[in-house]
Amino acid sequence: MADRVALAALNAMEKAPFVAAIGDVFEHADWVAEAAFRSRPFATVAALHAAMVEAVQAAPAETQLDFIRNHPELGGKLAKAGDLTEASKAEQGSLGLDRLSGEEYTHFEALNSAYKEKFGFPFVICVRRHTRDSVLAQFERRLANAADEERNTALNEIGFITSLRLVAQVEGPGAPKTDGRLSTHVLDNVTGKPARGVEIKLLEIGKSASGLLVETVTNSDGRTDSPLLSGAPLRIGTYELRFYVGGYFKAKAIAAADPPFLSEVPIKFSIAEPEGHYHVPLLITPWSYSTYRGS
Amino acid sequence: MADRVALAALNAMEKAPFVAAIGDVFEHADWVAEAAFRSRPFATVAALHAAMVEAVQAAPAETQLDFIRNHPELGGKLAKAGDLTEASKAEQGSLGLDRLSGEEYTHFEALNSAYKEKFGFPFVICVRRHTRDSVLAQFERRLANAADEERNTALNEIGFITSLRLVAQVEGPGAPKTDGRLSTHVLDNVTGKPARGVEIKLLEIGKSASGLLVETVTNSDGRTDSPLLSGAPLRIGTYELRFYVGGYFKAKAIAAADPPFLSEVPIKFSIAEPEGHYHVPLLITPWSYSTYRGS
Amino acid sequence: MADRVALAALNAMEKAPFVAAIGDVFEHADWVAEAAFRSRPFATVAALHAAMVEAVQAAPAETQLDFIRNHPELGGKLAKAGDLTEASKAEQGSLGLDRLSGEEYTHFEALNSAYKEKFGFPFVICVRRHTRDSVLAQFERRLANAADEERNTALNEIGFITSLRLVAQVEGPGAPKTDGRLSTHVLDNVTGKPARGVEIKLLEIGKSASGLLVETVTNSDGRTDSPLLSGAPLRIGTYELRFYVGGYFKAKAIAAADPPFLSEVPIKFSIAEPEGHYHVPLLITPWSYSTYRGS
Amino acid sequence: MADRVALAALNAMEKAPFVAAIGDVFEHADWVAEAAFRSRPFATVAALHAAMVEAVQAAPAETQLDFIRNHPELGGKLAKAGDLTEASKAEQGSLGLDRLSGEEYTHFEALNSAYKEKFGFPFVICVRRHTRDSVLAQFERRLANAADEERNTALNEIGFITSLRLVAQVEGPGAPKTDGRLSTHVLDNVTGKPARGVEIKLLEIGKSASGLLVETVTNSDGRTDSPLLSGAPLRIGTYELRFYVGGYFKAKAIAAADPPFLSEVPIKFSIAEPEGHYHVPLLITPWSYSTYRGS
């Protein structure tokens, strides 16, 4: 993000460079930046984003629909290199929608067709806030919406998408909150001390497949040196933390059975707030444990 | 077990029918029953078993070795119908050693050969107290034993095997403890009441495969109508309990996130005491849980 | 309770002995037993009680009020030996209302006067279901009731009082549930076993004073040989369980700090359901514990 | 501490002003500062303290004994204004040893006499690291020591005392760790969020009396705005945290019984490490809670 433009610089720009600088934040819709230009100067990046969102909200329904229609289809036929803005490509790629199996591809296509048939615009979702399963769940849920409701839902998703893009392009105070955090902490209740040296894996658990996201080990404070996930929205979906406590207790020579009652402790949980902080600690003995969503 | 012989009847028998009745408890070794016959009458089934075990312990080492050698190999070439006593067949079958994959079969054969080469007798283990993974772990561990140590280990296993057989064949007071129990209990800490209607699965978790053992649901006391496992030794090995609390909280309209933080709670644990009672409860809210080995 | 009358015997009685046998269950109101007599025979003691309650419910309001007026005042001037039935004396005595301090006596008298002034009948409450603090709380709360509401509340209390009396006087199947139970269980999460030998105290915690109710020690199952409270209604009120775990861990040589982080664990809780089962376990290590209302 | 001398300034001083500046850190023993002077310059305040301690360690036993003898008696007859250095007065006063009851005073005097009789020097302890009960416990325990062992114990205590004094008098990098911290955190496991607005009291629990140390309330993060204790050594002794969760759940309209099962949650614990961090959180629902020593 070395070439982010400063908010102060944006505030000082003429209209044309202003639109050139941030027009592509709202896909194929320079008019959004043009409208926001009138509200200069912006005290915060969030205020700039709010002004752009307001420009969309203030537009006639038909303009909003045209705007939505200009977004690429998700994982569908239009998802070919030339048809996606660079930003859209990166977002869809991170989810793995470009690596759908044949069956999944067919299912997404069917949803795409049904959706477009019903609403007349492509399904828009901020994919960086969702796992593949969550995209699918949203797709099926939103198909049941009424037309007006769904137009608002699509604009709301565009709000999330453009927040992320604006934060990536503009440097300045008061950026909208777009990142979440997942952290953990292991406490050994036999010794009353943080558990050091516990191996941990974090997996994304999908319906058809699971993937290893992080592999790490606790430090002397019973935490990981960096959060398990951070610096981006958390993806709505299901995860599993695995704590390999068998090796820990063996190394500490803390008495356990043979084989030990607890060796690998799995904690399966779902994330619903991409911008939230999920602290998922483990309080452990060789014979018991507890966990909770902390803060 | 309709045709179990009564301990009182055994106590009243002449030698020949006594040996005919329980001689096959110790594989191909009527001399064990013959020796035990001298200690009649037996106040308890356990005392009868102890007398038979003592007869083996009192025998010369060479006799003990012959006795051990008369046991069938585990999952090896000799495990063909004709070579196994009926009891041995049932015990090995329950473990799935008759359904080894090609690779597993080869591995077991290699262990069998190495073991027999080193000790001069087949690997004897009370398979009803072990999962397949545990048999394998014991096999590898025992290969490292010294000869005398391993002879005692084999006799000890025969003690477990014959306890089970004797209990199956003789009815009477003071049977040796041969069965274990696994139970659970789900408490809803939001309402302070037992959680009714929580679906539960119990799986055996093997290195190469897992298998569903039980599928049930909690009753109004938060327990299952019958123990998850009982009436037989628990098999040493790894298990997973899965509690489907998402559906429970939804049905009770207890507020949770979307998707809920906790939906399926897996508890992975190992059993080390086949004759023990493992109570593995779950204390739950939509945002936290704890478990422990209870009693 | 050696001289309880059998329900079968009651069912076979003529009216006069029937009324003589259980007439005093409803204070100074033989007409209740007389009315219930018509519904003979009773399959259960609960059915007999229900019939008597129904007789009261079916009576005109003025009769009900007269009936309530015939109950003694609580802890007031009328609570002298001659004015109380033997049963009333025992019930009030168990609460310690006969040992009120001067200040408390004055407060009760003031409440008594205000109550009688407002409702025209004495304050009736099933004192065996309440601690002294709870009686006081009920007194203050019920003073705010409307007249009809309060007449029903009084009759409801008489239902509790008479249940207890009937169960004490009549033997037979289907007795109404009048007793509660308080139990505990201590699990040592360091060893995964029940904690044996933990000293426990149970106290009633009153606003002006506290009293030791039970002093006991856990057995090899981590439980107490008999429930902490049972065989009678639990009194609505506040309690404290004290677990002396410092001595337990010291005796087991389980490492702790000096002085130990946890030595005496107090658990303070209130009972709201006199006929309920309160299981209040303790899961403990030298550095952590948890408790919950179990079942 | 506005007039603390900078370590850099000390490092640049001639001997006389150096000794004048910090000579009184070691009671009536300028020779300690004089000896340490030779090791200038000091990179850290801890290094300066270590040099002073080393000077004492290197002294002949008789010099050490003289040095110890120059310390005031604890709460005894000598504890009159003129006999205490200003620092000693402040330290003893904070414990309340100047407010001993008659009985306690007599007990301390007896211990003082016995101690002085046995060891020939007054009982020295870093009172700022102890509650009154802990001072008494140490007194009784140390009376059983052998003479050499006790001389070392006394010097070790003087190490603690002088660390505190030096940190109070000298400003600079690398100060020895002399302060501890007690903190808490309340998590509401019904909502999965920090519990805001829970009233908390912290008490010191003494054998003969208890005292309220802190009264506070949790903020929106479920923590207290500042640590419960910090900025000084924690005093070895017993404490009780009281969490008034009844009011919290009532305010949040989270269903509970009447009276609520949990209203005031007491957590009683002891502190053994004055320079440690004790985090004592509460995980709570209306029907359950858990606590542990966290970090």
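We just call them A, B, C and D in the order they show up, numbering each chain from 1.
Please note the rule applied: a contact is a pair of C-beta atoms (placed from the backbone, for glycine too) under 8 Å apart; a residue touches a chain by one contact, two chains touch by 3 or more.
Bear in mind the structure is a predicted one, so any value in this text is a computation, not a measurement.
*Asks:* Could you find the chain whose CA centre sits the greatest distance from that of subunit B?
*Replies:* Between subunit B and every other chain, the largest centroid distance is to D.
*Asks:* Which is it for copies subunit A and subunit D: same residues on both faces, with over half shared, or different residues?
*Replies:* Mostly the same residues form this interface, as more than half of the numbers used are common to both chains.
*Asks:* By the contact definition above, name the pair with the higher C-beta contact count: A-C or B-C.
*Replies:* Answer by contact count: A-C.
*Asks:* Calculate how many whole Å lie between the centre of subunit A and the centre of subunit C, each centre taken as the average of the chain's C-alpha atoms.
*Replies:* Between these chains, centre-to-centre, one finds 56 Å.
*Asks:* Roughly how far is subunit B from subunit C, centre to centre by C-alpha average, rounded to an integer in Å?
*Replies:* 48
*Asks:* Of all residues in subunit B, which are in touch with two or more distinct other chains?
*Replies:* Each of 189, 192, 257, 261, 283, 287-288, 290, 292-293 in subunit B touches at least two other chains.
*Asks:* Quick one: label the inter-chain contact graph as line, ring, star, complete or other.
*Replies:* Per interface graph, the chains form a complete graph.
*Asks:* Given the complex with subunit C, which residues does subunit A contribute to the contact?
*Replies:* 189-192, 255, 257, 261, 283, 285-288, 290
*Asks:* State the interface residues of subunit A toward subunit B in the complex, per the touch definition above.
*Replies:* The contact residues of subunit A facing subunit B are 134, 137, 236-238, 257-266, 268-270, 272-273, 283, 287-293.
*Asks:* Okay, in this complex, where on subunit D does subunit A touch?
*Replies:* 187, 189, 192-194, 221-222, 283, 290, 292-295
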